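In the part that follows, the structures are each spelled out as structure tokens.
Look at the two complexes coming up: chain A is in both, with chain B in one and chain C in the other.
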Partner chain A sequence: MSITESFLIIATTSPYGSHQPRAALDMALTAAAFEQDVSIVFMDAAVLQLLKGQSTASGTLKNVGKMIPALTLYEVKSVYVHQPSATHYDLSDLDYVEDMEAIDDSRLKTLVEMSNHVMVF
Partner chain B sequence: MKFTLVINGAPWSSPAAFSALKFAEAVLASGHEVYRLFFYQDGACNASAFCVPPQDEIDIPARWQSLIQSHDIDAVVCAASALKRGILDTAEAERYDKDGANLRPGFTVSGLGQFIDAAQQSDRVVSFVT
Partner chain C sequence: MILHTINKNGNCLTRALGMIAKGDAILLLEDGVYAVMELPQNTTLWDSLPDSVSCYALADDLAARGISDKMPPFFKAADWQDFVSLAVTYDKIISWG
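Then we have the complex of A and B:
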């Protein structure tokens, strides 16, 4: 069973409003563990998942920011930030937990077109 | 054509589950194959044997069970989704020292890897989210 499919995971939700950020990361890591071709895009409020200095001391959810670097470590091929969303939240490279590759709408469209599976969280 | 359906909604929270059920019935009626049903997130609640909907409402979990058993469909419930929502088979009920198991006959609990496998093996993966 060595079929490799391409999975595009699109995270759209803020880091601590639901379990969706964790579900997106679990899906990305699982697909990568099964040696699939995985990309993840952070767009809309999900760009806030990328912020440095998140503290979860007072909440019940795990620190999302600390999980972001695990993506590339566990063979998720590409991690992107959707630049129009980042601009909307007035974020720049300096705000993120690690270096991110920025993509615009047309690049996102291409990614969606080229992926076998697109999952939105 | 081989279809896999991903069901993300609980029977009562959105039209997702019933739409998926109707879609699965239509797939089979058209002579296609259901490779797998994957119950994910709130969709895990479709696998509970303990749901008792009012008599004038459709019993969606019972409809799933009947479809699954009559067509011998592979119906997988995501383990992480199921456990946190209190959907347990007998092995897990024992492991976590719970008083009762409530996984419906016909369903099995397994991991996200079953979804990845389904994505690889199916011609189409259709998600029912809302």
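Then we have the complex of A and C:
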């Protein structure tokens, strides 16, 4: 028996200050692995997770930027950047590790309403 | 209909208020209750709320922090029983942190 529900993961934290960003990505990948309908939005400081050029060569940290392309590869349906947050940090498409679909507040609000489960990290 | 809970001090509240819709409810708990103190300074934040949104703050958490008297009139104090009722009444809960 399998039940498919829609999950919206909202990442809100910068990549290396806490375990939260990893938890958000793990949640998204895990739910997708169980064939759930998963979307993830990078909002507020989480837009900084999307920056290309993150270098964790010193070895103590795991590169968050490198995990972003893995999301769609592992069947996360939609990956969005919250445009007002990106604007706040003066980021454009060129700054990201891959092409991102931008959403505004009203589209995010619709996603929040439509999803069976909304998790904020 | 969504129950939005806030349990931290900071911009979680702004995030929640941006996503709130008619018929939703908001519940402040733990350090989230400090939001009631930001009301006088931050009226625009609250003015944007639809009238139909019910606002609650957990009474024990307000009392523990000595700010029970700072709760604005449009907020209702909630006890643990109310918390449970809210949790089962709304379609889903979003914990904004």
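Methods note: the second predicted complex is superposed on the first by the 119 of 121 C-alpha atoms of A that agree within 3 Å, B and C clash if a C-alpha of one lies under 4 Å from a C-alpha of the other, contacts with A are read in each partner's own complex, and residues count from 1 in each chain.
Operating definition for what follows: a contact is a pair of C-beta atoms (placed from the backbone, for glycine too) under 8 Å apart; a residue touches a chain by one contact, two chains touch by 3 or more.
Since the structure is predicted, the reported quantities are computational estimates derived from the model, not experimental observations.
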Original post:
Touching A:A23 in the superposition: chain B (first), chain C (second), both, neither?
Top reply: first
Original post:
For A:D99, is the partner it touches chain B (first), chain C (second), both, or none of the two (neither)?
Top reply: neither
**OP:** Answer with first, second, both or neither: which of chain B and chain C does A:A31 touch in the superposed model?
**Re:** first
Original post:
Is A:E5 in contact with chain B, with chain C, with both, or with neither (first, second, both, neither)?
Top reply: first
Original post:
For A:D90, is the partner it touches chain B (first), chain C (second), both, or none of the two (neither)?
Top reply: neither
**OP:** Once the structures are superposed on A, label A:V112 by its partner contacts, choosing first (chain B), second (chain C), both or neither.
**Re:** second
**OP:** Take the contacts of chain A with chain B and those with chain C, and give the residues found in both.
**Re:** 116-117, 119-120
Subject >> In the complex with chain A, residue positions of chain B that touch it >> reply: 41, 80, 111-113, 115-117, 119-121, 125, 127, 129
**OP:** Please give the residue numbers of chain A that touch chain B in the complex, ascending.
**Re:** 1, 3, 5, 7, 23, 26-27, 30-31, 33-34, 36, 116-117, 119-120
Original post:
In their complex, what parts of chain C are in touch with chain A?
Top reply: 2, 11-12, 15, 18-19, 21, 92, 94-97
Subject >> For the chain A and chain C complex, residues of the former touching the latter >> reply: 12, 43-44, 105, 108-109, 112-113, 116-120
